[in-house]
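See the structures that follow.
The following pair of complexes shares a single chain, chain A, combined with chain B in the former and chain C in the latter.
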Partner chain A sequence: MTTTEGITEAIRTHILAEYLPGTPREELETSYDLLDNGVVTSLDLLALISWVEQRFQVPIDEVEISPDHFRSVDAMSEFVKRTTGK
Partner chain B sequence: MTGLTEDVLEIAAARPRDPALRWRGADISYAELADLVRRAHQDLAGHPGEGPVAVVAPKSPEVVAFVLACVLARRAVLLPSPDLGRTALAELVHRAGCEHIVTATAAATASGLELRETGAPARPSGDVRFLLTTSGSTGAPKIVPLTAGSTDRFMRWAVGMFGIGPGVHVLNYAPLNFDLCLLDVWATLRAGGRVALVEAEHAVDPGHLVGLLEDDPHVVQAVPMFFRVVAEAVRSSGRRFPGVRHVVLTGDHTPRPLRAELPAVFPGARFHNVYGCTETNDSFVHSFDGHEADTHEVLPLGRPLPGVRTRIMTDEGELTGAGTGELWVATPFQTRGYLHEDGARFTTEPDGTTYFRSGDLVSRGADGELRLVGRTDFQVKVRGVRVSIEDVERVISEHPQVAEVGVVAVPDPQAGRRLHAVVRRRSDRLTGLGLRQHCAQRLVRAAIPAVIQVVDGPLPHTSTGKVDRKLIRKELLAGGS
Partner chain C sequence: MLQANDQQRELREAIRAIGPALGAEHIARDRTGTFSEGGWKRLAETGLFGLPFGEEFGGLGQDLLTTMYVLEALGESCRDGGLNFSASTHIVSAGVALHRYGRAELKARYLPGICSGTTIGAHAITEPEGGSDIMRMRTTAVADGDAFVLNGTKAFVSNGPLADLIVVYARTGKPENPAGLTAFLVERDTPGLTTGRPIEKMGLRTSPLCELFLDGVRVPRSQVIGSVGAGFLVLDHVMKWEILCSFVINLGEMRHRLERCVEYARTRTQFGAPIGSYQSTANRIVEMKIDVETSRKWLYDTAEKLSSNQNVATDIAIAKLVTSEANVRSALSAIQIFGGYGYTAEYGLEKEMRNAVAGTIYSGTTEIQKQRISTLMGLNRAATPKRA
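Up next, the complex of A and B:
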């Protein structure tokens, strides 16, 4: 799970399972805006951040976090890569 | 006017061969209808009383005649919903004080219907003509007594508004227990027109409905579901019904994409969006021609009917300018109040006007036009934001690939409530995520449903043809999702 594709797919799997049950995998484009379109709400954001922290060992305390980092699967993937140096 | 049935019998004497009813592909003349009324009246004479009669049989010429016979005998008619279970029906009949009940279970009588005692203590009919019901919040239907005077005034308006008279054909889609029948059944018969009765079992049968429209009705009043079924049925064939002069949209918001289809289907019609409820009957009408059918996102309520008074009330008092509040209406057609209920929904002003608090939220725009926003009780808070479920449904239904939608609020430990939308799509081009984007462009974020479930099969409907939110909600809660 160190490739970009691996990270992206793991995030996509999690988003589909947690927030979009029943949605076909290919339907969720990695650039889809999860925040504006109400998939991930402000209340969900905390849980999502903590999932990313644990799943990818992101040093959450050391990095600046903005909701924009969780706007899409791509954005999250980018955030994970940047903060973990993967 | 002397009385509803007296007027019908007078027409039977003056123009006996005029068609009164259209039933299963054949006409029934006023003379034949009068005959049925006389037979029913005989049956009724064998069961004297002054209490109301409950009529629970499915719609038929015999049942129409029986109702007319009861009205002639000055006995109020209770018309319960056919969906009512046995226990609930017995309770309702008792509460209404019905001495007698008419059912279609036996054919041993002159009318072909079975009439028997209920054992309930009679409640004198007085000047009450019909006892209709509305669903109460606790599930037990509330009884709405309508007097001869209030229904006469309504029928007079309806006959004038839609030009109903001899030679005019009116389609009756609603079941007999609906107030809509005051227009399409009772006002039509009283004015000498012909009523085509749609049977409940064919209510969503596209071929059957198209067949009835080919019978050339001039006035068609129905809920949006009827027009949706018809529009879908004729979309490929391109069939048209140019003989229809008046299309009356009622009972629910008609989504813009559906409205856009109607002028082609009814090229000769003027359209009327009617607002009303059982307690007050019709209170507003917005009339428009085909070319205006889809100019509005939401149709305005339009003009109050003659004699109708309205107020828009907010927590701060009456709304005078633009804004949103609960609609209060006082109509010449309204009930005096529910039977056996406190009068909480009715408020009498110092000038003696009794307003009905409709529970409907309306907004008044800068242009002065009123528009229905939703129900006061369909407002929910999602993450602290007040959301109108009906607003969400309207926005979703305006997506061209959406056939129908039901949105319900389910409890959520974090958000308080979350919205769950079930959407039937017209084609598989529609995806839940695509619909989300549609919502996101038109709604505040809290109003975007947490779950958008896209299905291909029809949604459950109530007997009124509305999407059955209660059932959807029940199934969701049972499924634990």
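Up next, the complex of A and C:
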């Protein structure tokens, strides 16, 4: 699954399953701020980075990485596309 | 588990050889709370402070497992637990943070001094209002042109009274937001930064500790470690190293204590037989042995997983909890086995017990480690469902 839509949907599916169980898919907008709204906590963030790294084979640059890359489904999708060139 | 090669064994033996000299007069220094400057210089000469850092910075370019393997020998051979703790704090607080997250120019400027031990490192995380609730820290950093202005108070800064370079964690965003913290590399003589007097404490008395006051401290943006908002990620990485490096030293201390107890139990005779022949004493020593082996497995297995980029969030909490609690049990058992002698300052065992208690508090208390593990098991999340 390497298309833009595919990446976004894979991330949205993961967020719903892990951090928003029971939430209907259509209720999670891809621009929704997961950090500001407390959906993804500091501990969750570590697991989420690890998941993105392994799921999409993303090379993580420690100097440049920012939680902002994981702020929303859109932000993660953009981060994956930019770092993997997909 | 590490299968040591010749170079690794050589590094370990170099530390083991000087350990007894480093620990000389440790009981007297503990009594007065005196840091061993001579011991620090001797440690620096071995290259220990640069173990995990690149050769281009004056380091030895070794990996995490090798670093731990050598630090274990420090704990085993040097009885000055405070000096051991200061060494570990120095390596991980500023060195590890910089080495992994620092930009090239920051590394080039500061890592050589850290590797040589001439620049002493510390980090400032805990605050008077709280240590465990890190995401609500009150110290703030506000952007102002090409700099940030830091204000706040930090508590329990290990190496603080000695430090030339301090990694200060401050809030640049909303409380509780994982993107709300930033790590700043602050030089000791920066205007507005002052340290309190060394704080007297129960154990690790030869490793000085103090408060840190930040009053309008202006730190150039170029001194940010990682990116703005990535402070929690820097801190998480540093804490993993801190736990593995400082508690592998404790493992070495536990091994030494165990050997000492075995020797004593074989030679100390009561009622016509060595005390080790009595099951109550033998069982106590067996439990010490099990604690050593369990701690060793958790520490090195976790380090192997971390080195292969696996998620060790749960493992690190278990490794810390298991080793720190085992160290307290081991120290209390040693006192009990040595009886009246163990209770005296002269034998150094009561000091080791006081030192061991610190390990159940710093780097996240036992209670916080259990809280983290339960959160990672999804127990807390089930109680408070979230909504988008």
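As a convention for this text, the second predicted complex is superposed on the first by the 83 of 86 C-alpha atoms of A that agree within 3 Å, B and C clash if a C-alpha of one lies under 4 Å from a C-alpha of the other, contacts with A are read in each partner's own complex, and residues count from 1 in each chain.
Note that in this section contacts are C-beta pairs under 8 Å (C-beta built on N, C-alpha and C of every residue); 3 or more make two chains touch, one makes a residue touch a chain.
If you're wondering where the values come from, they're calculated on a predicted model, not measured in any experiment.
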Original post:
Given the touch rule stated above, what does A:Ser50 touch, chain B (first), chain C (second), both, or neither?
Top reply: second
Original post:
In the superposed arrangement, does A:Arg71 touch chain B (first), chain C (second), both or neither?
Top reply: second
Original post:
Which partner does A:Leu28 contact after superposing on A: first (chain B), second (chain C), both, neither?
Top reply: both
Original post:
Does chain B (first) or chain C (second) touch A:Val40, or do both, or does neither?
Top reply: second
**OP:** Return the chain, chain B or chain C, that is in touch with more residues of chain A.
**Re:** C
**OP:** Determine where on chain A the residues touched by chain B overlap those touched by chain C, and list them.
**Re:** 20-23, 27-29, 32, 36-39, 41-43
Subject >> Residue ranges of chain B in contact with chain A within the complex >> reply: 383, 414-415, 431-433, 436-437, 439-440, 445-446, 448-451, 453, 481
Original post:
Which of the residues in chain A come into contact with chain C in the complex?
Top reply: 19-23, 27-29, 32, 35-47, 49-50, 53, 62-68, 71
Subject >> Footprint of chain B on chain A - complex, ascending >> reply: 20-23, 27-29, 32-33, 36-39, 41-43
Subject >> Complex contact set, residues of chain C against chain A >> reply: 100-103, 134-135, 174, 176-179, 226-230, 232-233, 236-237, 309, 311, 313, 372, 375-376, 381, 385-388
